[in-house]
Structures are given as C-alpha cells and as structure tokens.
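After this come two complexes, each holding subunit A, first together with subunit B and then together with subunit C.
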Partner chain A sequence: MTRLAVEDRTRFLIRRDHPWWRVLAVVGILVVWELFARIGWVPVLFLPSPIGVLREGADMIVSGEIAMHVAASLRRLVLGFAVGAALGISVGIAVGFFSIAEAVGTPVIAATFPIPKIALLPLLILWLGIGEASKVAVIALGVFFPMAINTYTGVRQADPLLVRAAVAFGARRWSVIRKVMLPSALPMIFAGLRLGAGTALLLLVAAEMIAVESGIGFLVLHAGNLMQTTKLMVGIVLLSLLGVLSHWSLNRLERVAISWRQDH
Partner chain B sequence: MRVVVDHVSKTYTDRGGRSVDALRDVAFTVEAEEFVALLGPSGCGKSTLLNVIAGLLAPTRGGVWFDGARADGARGANARALSAMVFQEFALFPWRTAQKNIEFGLEEAGVPAAERATRARHYIELTGLAGFETRYPHQLSGGMRQRVGIARALAVEPAVLLMDEPFSALDAQTRQLMQEELLGIWDRTRKTILYVTHNIQEAVYMADRVIVLSRRPGEVLADVPIELERPRTEQMAGEPAFVQAAERIWGLIKAQAWAAIAE
Partner chain C sequence: MIRSLLALVLLVTFTLPAHAADKVKVGVLKLTSSATLFVGVEKGFFKEFGVEPELVYFQAAAPIATALAAGQVDVGATGLTAALYNIVLGGEKIWVVADKGREWPGYPLTAIVVQNELYDGGLRGVTDLKGKRIGITQLGSTFHYHLGNVLEKHGLTLNDVKIVPLQAMGAAMEALKGKQVDAIMLPQPFPGTAEAQGFGRILAWGGDLFPWQIAAVFYSKKFAAERERAVNFMKGYAKAARYYHDAVLAQKDGGRAPGPNYDEVVAITAKYTGGKPEIIRIGFPYQDRNGRLLTADIAKQIDWWVKHGFMKSALPLSEVVDTRFLETALKALEK
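Then we have the complex of A and B:
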C-alpha cells in the first residue's frame, strides 16, 4: 500500500501580488524609452527623452507656466464637474422617485445621452459666447449624463423593504428620499462620479483647443503647432497626473461617504 | 387601548385583471397588554394582515381601529405611534449605527435630539444592546440586529407592537434565546404585541392567545387561548396544556399545510 498525500489543487488559481514587477514595468519602459532617445534611433522631434521632458517640466515650474495652465484647467474642470454632478444627481433623484419625472425624463435622456458632447461645443459657444462659460458648460454636460443615469439607477435599486420600514416609522416623501433613497444610491453615484471624471478630462482638453490662452489643452495644442514636442509631452504628463489625482480623491471621498459599507 | 380588526378583506388584482383573495373577512380584537400570536400556513396572508394593521396596505373591505387611542397626532417629545413593526429581514438602515437606527422613528416624529438620545438609551439597555450603539448593522450578529429592530420599534412607544416572523431568519439556538428575551421585554414593558409566526411551538410558548388563519384566502379558523402560567419557561413545553394547544392548532392546519406543499 502506498500513501498518497492530498494536495491543494486550487494552487494555480491563487493570484499573488507582484510588487517588484509593478516597479520594474514602469522603470523598464522609461529606461528603454530613454535609451532609444539617446542612441538617436528616433529623432527627438518625434519622441523626446524622459529626462528631457523632466527637465522641461522643471523649467516650466520655475517660470510659473505650469501653475498658470494647471490653475486655468482646474478652474474649468472643478466648476464644470460640480455643476454637472449637482444637476445630474438632482435630476436622477427626481426621475427615480417621481413617476411623472420618470415618464418625462427617461425618453429625453435616452435621446440626448448618445450625442457626443463635444459636438455640442459649437452650439454652446453660439449660445454662451467663446469665453469660459461655454467651456464649463460642455464639461458640465458631459458629467451630467453619467451622474443622472447612475443616480436614477441607484435610486431605483433602493431596497423596497427599507423604504417600507422608513414609512412604517413615519417617514414622509422627503425623509424617504433623503434618508433611504440617497444613501442607497451613493455607491452608484460614486461610480457615476468616476465615469464623469474621465469624460470631464476629455472635454476639458477638447474645449481648451478652441480660443483660449491658457490651460493644459492649450499647452498641448500650442506646443504641437510650434513642434515643441518636449513641451507637448509635459502637457500630456500633466493630464495623466490630473486623471490620477481625480481618481484618487474620488476614492478617498467615497471611503469617507460610504464608511458603513461592508467591504471597507 | 385595544386593536379591533374589523372584517378585513384584501383582494389583489394583477395587471391582467386576475384577482387573488389574500384575506377574507378577518375579524378579531387584541386587548391592551395582550400577547397575541397570528399563526397560519405559508401563504395565508399573515403578513398582508400585519401590513394592513400597520397602515402600509389598504384593505379592500373592512378596517382597523384603535379604541381608546389618542387622536391628537402629537409630534415632538410626546409623540406616540399607533403601531410599530419589527421585520422578518430586520430592515435596518445599513448606513446608520445601531443607535441611529433606533432613533429613526423618533426623528420622523420630530422628537428633539436630546430626548431621542435619552429614549434610545433606555431601549438600548432594555434590549441588551449596551456597548453596541456605534456598530453598523453589518457589524452585528443576526440576534443583535433584531434587538436593534425591536428597540427601534419600542422607541416610538407604539400602542401595539407588530412583529412579522421576527426570529425566523435566525438560527435555531439564537431564535430560542431571542424568544426568551422577548418574553422578558414583554414582561417589563407590558406592550401589546401582535406576533406573526408559522411556528406552532413558538406561538404557544409565547402568546396568551393564538389566532389561527387558514390558507389563502386567509380566514380566522380558531382563536385558541393558551392556559399557561407566566412567566413562561422552556420546561412548559411538556405540560398537558401546551401539548394540547399545539396539537389542536396542528390539527387545524395540517391538511392546509399539505395543500400548500402540493401547490
């Protein structure tokens, strides 16, 4: 008789963390890129070296150019995002709770949602002028739709049992909305905010390519026109950082707002 | 104060126009400080009836009266509710701590914050939740969650406490302990309780009277008084009065329970 040991047959399913591979991937790409630039296989005009981009960035920080562009972009982004999110959440709640609002809102949203918002920019410029208003408006519009749709879905998914419990304990319409529907919808609202943040960044850059003197979008377009590729790359890195920053801050905010959730 | 269920019928009509009778001409009263169990096979409309009494569902015919209740609709510190519900699935608000859940009904009644905290404190002590006030529902065991559910209902000081199979989502041992716990709470508060269950042992063990409902459409089959002393103990399960009451009730619904399975 031989003895056979029982082995853990799920071993190949285990997903490990590979912290070194993470670092290696980023560093490796940068090193290879730098090497390409140094050897001169690719002209610096097409692909500036990472160190060159870094140096250019440092110069632009010292000269205050970056601060100026980032401040202009952030102002548009934050304003547009706030307006779009506030409107989207309000409309989403109304459409989710009131049946008349739902009857009116769902077909209107379904019809307007698929329009690429960037196509509305000329119209918005016509209505609101070439200045800041039209830029903020197009960002707000881009954020509005994912917010409205997600909030609506979140409100509709509120547990009917909890709604009934609230009513059983004396809650009227506004209490039900504020104390049951809204907290129920919070996870969906945050998912919407994340979607909206991506759209907002996209629309920001597009809007900043029309008739502006500042902003990261302007920086990228302008540097491209002058074939200042290194400067252009600085702009792209700034956009990436902006995206990472918004994602990170939304995560922090969500953790605070939904602290009661099981998975935190 | 007594609750009068006055010939309540409930017919559900679906979109296709087909109608189902859930309750037919149900009539009984619950006296002050009485512990009444409402028992029937599954699908007998027990929960429907409880919802009608709680004002969460309109009956098709008949009505529910609270005799001797003040109709001043008091808000603020003196607010008292006609009824409060304890739900089978607890129905606690996951984003509120135990204490905030308990204060919910008081908030809606416009009770000032200081008074809310005092009253919540009282019922936290009464239900054995001391030390768990700041926990969220998902951080509590099933038994603790339902304590919060009970405290939340007691906090609005209702004329009648409506309990919809409150312990059926708990494991058997926890259920046993919670039944004892509830009897202790009832002893101390003398709250009028209407307790829905499909468990005969539970009904006989806890109630002064067991109202037996038939299968759909739910009708009152019998109103069985339980002649057991209080305080009730587990040992009473062997007493003749207990066994006879349980057997009588089982005799009434056994055929119906079979029919429910076959459905």
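Then we have the complex of A and C:
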C-alpha cells in the first residue's frame, strides 16, 4: 500500500495564531507614533509621544493622583454595576417566569430601553442631586436594561424538556427557577454583563464630566480644559486599561460560574 | 477629466493664498466683552490701515487658544486661562499683545451670585462663603482664578469652599436655580438675569473685590511673524479701543458718564452679539484707553496657576507677552 501525497486543499481555511504579529502590530504603532512626535511633524501639544505619556503616568502614580482618580471611578463603576445587574437579573427572571410580570414588564422595558441614558443624566441630577447618587444611578440604569432583557431571553429559552423533567421529579416553582431556569440563562446573563460593562464605562465618563473633582472622566475633561494633553492621554490609556480589566475579570467569573461549558 | 482637475488645482493654488493674505481671522466670543473688536470692524478702523478682519465666533475662551495654536485663527480676543499658558508651556507660540478687558472697580463684569434664601439668611460677605458650594464653568477658567484670588484676599483658600465645575455658564445658572449649588460666579448678563428672575442675589462684583487683567488680544506665531500687518492690526485696534473707552467707559464725579457715541456702541454690540440693548446697557467691561496690558498682572497669574498645580512650571514673561506691536502702533498713531 503506497501513500499518496495529497495536497490539503483546505489549508487556506486554517486560521493560525500569529503571536508575533500581535506584538508587532502594537509595538509598530507605538514606534511610528513616537517617531512622528520626535521628528516634529505633529506638535507634541496635539499628539503627545508615548514615552512622554509613560513618563507623565509614572509621575502621576508617584504623586498618588492616578490612585485617587481610579479609586473614585472604580467605586462608582462597581456600585452602579452591582445595583444595575442585581435589579436587571431580578426583573428579567420575574418577567421571564410570571405571566403578569411579563404583561406589565415587556411594554415598559420596550418603551424605556431605547432612551440614551446620557439624556437622563440632567434629570437624575435634578432628582438625586449633584453628588455621587446621580452618577451611580445613571450607570445602574445603563447596566439594568441589557441585563433585564438578556436574563428574560435566557429564562424563556430554558429547555422545556428539562423543566418538565424537573417537575416530574417533584421540583416546586422555586426549585425550577433556581436549579433549571437560572443556570440555563447564565450564558445569556453573562452576555448581558459584557454589554453592560461597555455601557457602564461610557456612562461613567459622561457622568464624571459634571460637577466632580475626581475620577478618570474628570481627569480627561480637566486635562483637556487645561490643554495638558499628555495628562489627557494618560486618562485615555487608563480608560482602555479599565475596559480590558473588566472584560478579563468577567471572563474569569464566567469560567467559574458556568464550569460545565467547555467551549471557552 | 484631467484638464478639469488641473484647472481645479490651479484655481485653488491661485485663489487660496491671495484670499488668506488679506483677511485676518479673529477668534472672539459673542459677548459684550468683545465690543472693542466689533467697534473696530463696524467703524472700519482696521480697514483704514489695510487690514481686513474676519470674525470667527467661539463658545468658550479655551478653544480660542487651541485654535490659535493650531493656526486656525490669526488673532484671538478672549479671557486669559490656564489652557493658554499651558499651550505656550507645551512648546507652541502664542503672543499676548494687548488689553482686551479688565475686572475693574466700578465696572460690572463678573459677579458672585448667591441663592436668594442664603442672602436673606444673612450671607452678605465673601467670608460667609466658607463651606459653601460654588458653581463655575471649568477649573482653570478665568472664574476659577478670580474666585481663588478673591477668597485668598479675604483670608480663605479654595479649599475652604467646594468648587463645582459645571462646564457651561447656562448649566451653572440652572444649578443655582435648582439649589444644587449655593453660589455661582458668572459674567453679565447672568447675574442680572438671576436677580431679575428672583432666585439669586448679587453678593459682590468681581472687579470691586479683586481687579485684574481678565482678557487680552493674542497673536498666533504666524501672524506675529508678519510684522507689518501685525502692527497695522494694532493701529486699528488702538483706535477702536479709544473710541470704545470714550464712548462707554468715561467717568465723571465717581459715576459713569456716557460719551457722545454711547448709543452707537450699544447698537453695534447688540448687532454683533444678538443681545438686547437694555441688557447691554447694564455695563461694559473696563479696558485701557490705549489698549495697554497690565504686564505685571500676567506674571502674577502664571505664578498663581503654578502654585495651585494647574501649570507644571513657571513661564518667563518674555515667552508669552509681546507689547512691541502695540507700542509701535501707538507711536505711529501719534504722528
């Protein structure tokens, strides 16, 4: 029996990892950027150099400025996120499970969901004052809707066969919710959390641009007002890091919570 | 196709520079404090010296400084903010060349306005502001500087009050109305409006508490290099400044005495700002009759911003102030 050398014609379909290209892309952009600033084609005032941004960032870490802003932002973010997610999941389960709640909830959510939450900020300030409450509330609102809608969809999509099987084995209403519906909705809930995390970051920056003295949004706006562009860039880098961090920690949390799923 | 493209290129190359050569782009705010520029344009004082200004309107002072550094306007006329000094500190050139408005005793410009209830409750002096929330537009703005210095003059510091940056003047007004802040510091016409609508009371006028060089005329690096035109622009400006001063700023026996052209300047200001004449009549900001700067005050401002952490380091005056354009122009006018 002879082996025939057959050309693998699906080879072009294979998607390989290119770890070096990943690193090169990031480093390349940084080097070109630094070069632009060094040559002086773009004034440093308008596009600060990466090294300048790093140096400024280091100064701000030493002075404690970064810690102060990040702590303030994280507090608002975590609080708003927790309140919004808790409310969203509870409402989502209620609407998904109880028919009266569904009849009441779906039209209300459908009517209020499309409102850009930033537009509500002035109203929230009027109701809750200029302090922390209005900032946390707008983030909570932004997180609430994707959470409620995703949880509702997840609960509705629970396999009826599993539900019937659970009931056949003697499960009561709460057991069915807790042991069948909630776990099967978990992937959707996590998708909602990811959507919410993006929205939360956006609303955080918007909320921190009014009447605050700390936070990354304030740092960006304030540095812009003062034309301290290097500082402004440090703020933008911090926002990017915060986004990456929230994505990463949600991934970790998902792996723990949905340990039976193998696909990631 | 190619021919039409070529024609277009030719058209652009021949029309653009010629166009750019006669018009001087002047960045201003649509406020009473820009009146001198409006007078100069309307009365043709700039044209008299061969300069054709084109007014470009902005919403706030700091963007004018940015536009100057980016070369989008040739001349700026607005408030002196930390942003302006930071631009120069960042390596771009902007020259402060003439006076465009001072906070001055007896001339209402910016006021501290407090909630009606607090005023009735006995809040009557600057020292009573201790512990209060005070709304301004932005940190690093002229209001921030002014308020800080007023407090320091009265033995307080900025840390004794809570500064609330609200970004826009309208937002600060709304915050006082909605009792989100206890006091605000804003320029006319806002203080007058707050009193008229009954939710605010004017505690004091900024110029009476702390006089300073709040606004100036700036030149971009490119415009300053065109020495002859830059001086000619100053000739027109000095003439406008004298006209403005004699019409609306003259004083007699401790009170303001409207000059012969008072109504004309009010009408010109109303035309360019779109404001109501009766509100414009409340007051014009003071400025030097010859447009001369309080140069020493600029140094004081830079020191203050550095001391309070809004500038990284001090800036020598010779890097940011150049009064030679105006002085040359004034000499030429005397002849």
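Criterion: the second predicted complex is superposed on the first by the 257 of 264 C-alpha atoms of A that agree within 3 Å, B and C clash if a C-alpha of one lies under 4 Å from a C-alpha of the other, contacts with A are read in each partner's own complex, and residues count from 1 in each chain.
Just so we're on the same page, a contact is a pair of C-beta atoms (placed from the backbone, for glycine too) under 8 Å apart; a residue touches a chain by one contact, two chains touch by 3 or more.
Nothing here was measured: the structure is a model prediction, and the numbers come from that model.
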Margin query: Quick check on the subunit A-based superposition: subunit B and subunit C, clash or fit?
Written below: fit
Note to self: Quick test of understanding: once the structures are aligned on A, what is the angle at the Cα centre of subunit A formed with subunit B and subunit C, as a multiple of 10 degrees?
What the structure shows: 160
Margin query: I'd like to know which partner A:166 touches here: subunit B for first, subunit C for second, both or neither.
Written below: first
Notebook entry, point to check: Does the superposition put A:44 against subunit B (first), subunit C (second), both, or neither?
Noted result: second
Margin query: After the superposition on A, what does A:175 contact: first (subunit B), second (subunit C), both or neither?
Written below: first
Next item on the list: Look at A:183 in the shared chain and tell me whether it touches subunit B only, subunit C only, both, or neither; answer first, second, both or neither.
Entry: first
Notebook entry, point to check: What is the minimum C-alpha distance, in Å, between subunit B and subunit C after the two complexes are superposed on chain A?
Noted result: 51
Check: Which residues, counting only subunit A, touch subunit B once they are in their complex?
Finding: 161-162, 164-172, 175, 179-180, 183, 186, 258, 260-262
Note to self: Show me the residue ranges of subunit C that touch subunit A in the complex, using the header's touch definition.
What the structure shows: 62, 65-66, 69-70, 82-84, 86-87, 90-92, 133, 135, 138-141, 163-167, 171, 175, 178, 180-181, 310, 312
Next item on the list: Show which residues of subunit B lie in contact with subunit A when the two form their complex.
Entry: 54, 56, 81, 84-85, 87, 89, 91-96, 104-105, 108-109, 136, 138, 152, 156
Notebook entry, point to check: In the complex of these two chains, what residues of subunit A are touching subunit C?
Noted result: 43-46, 125-126, 129-130, 209-213, 221-222, 225-229
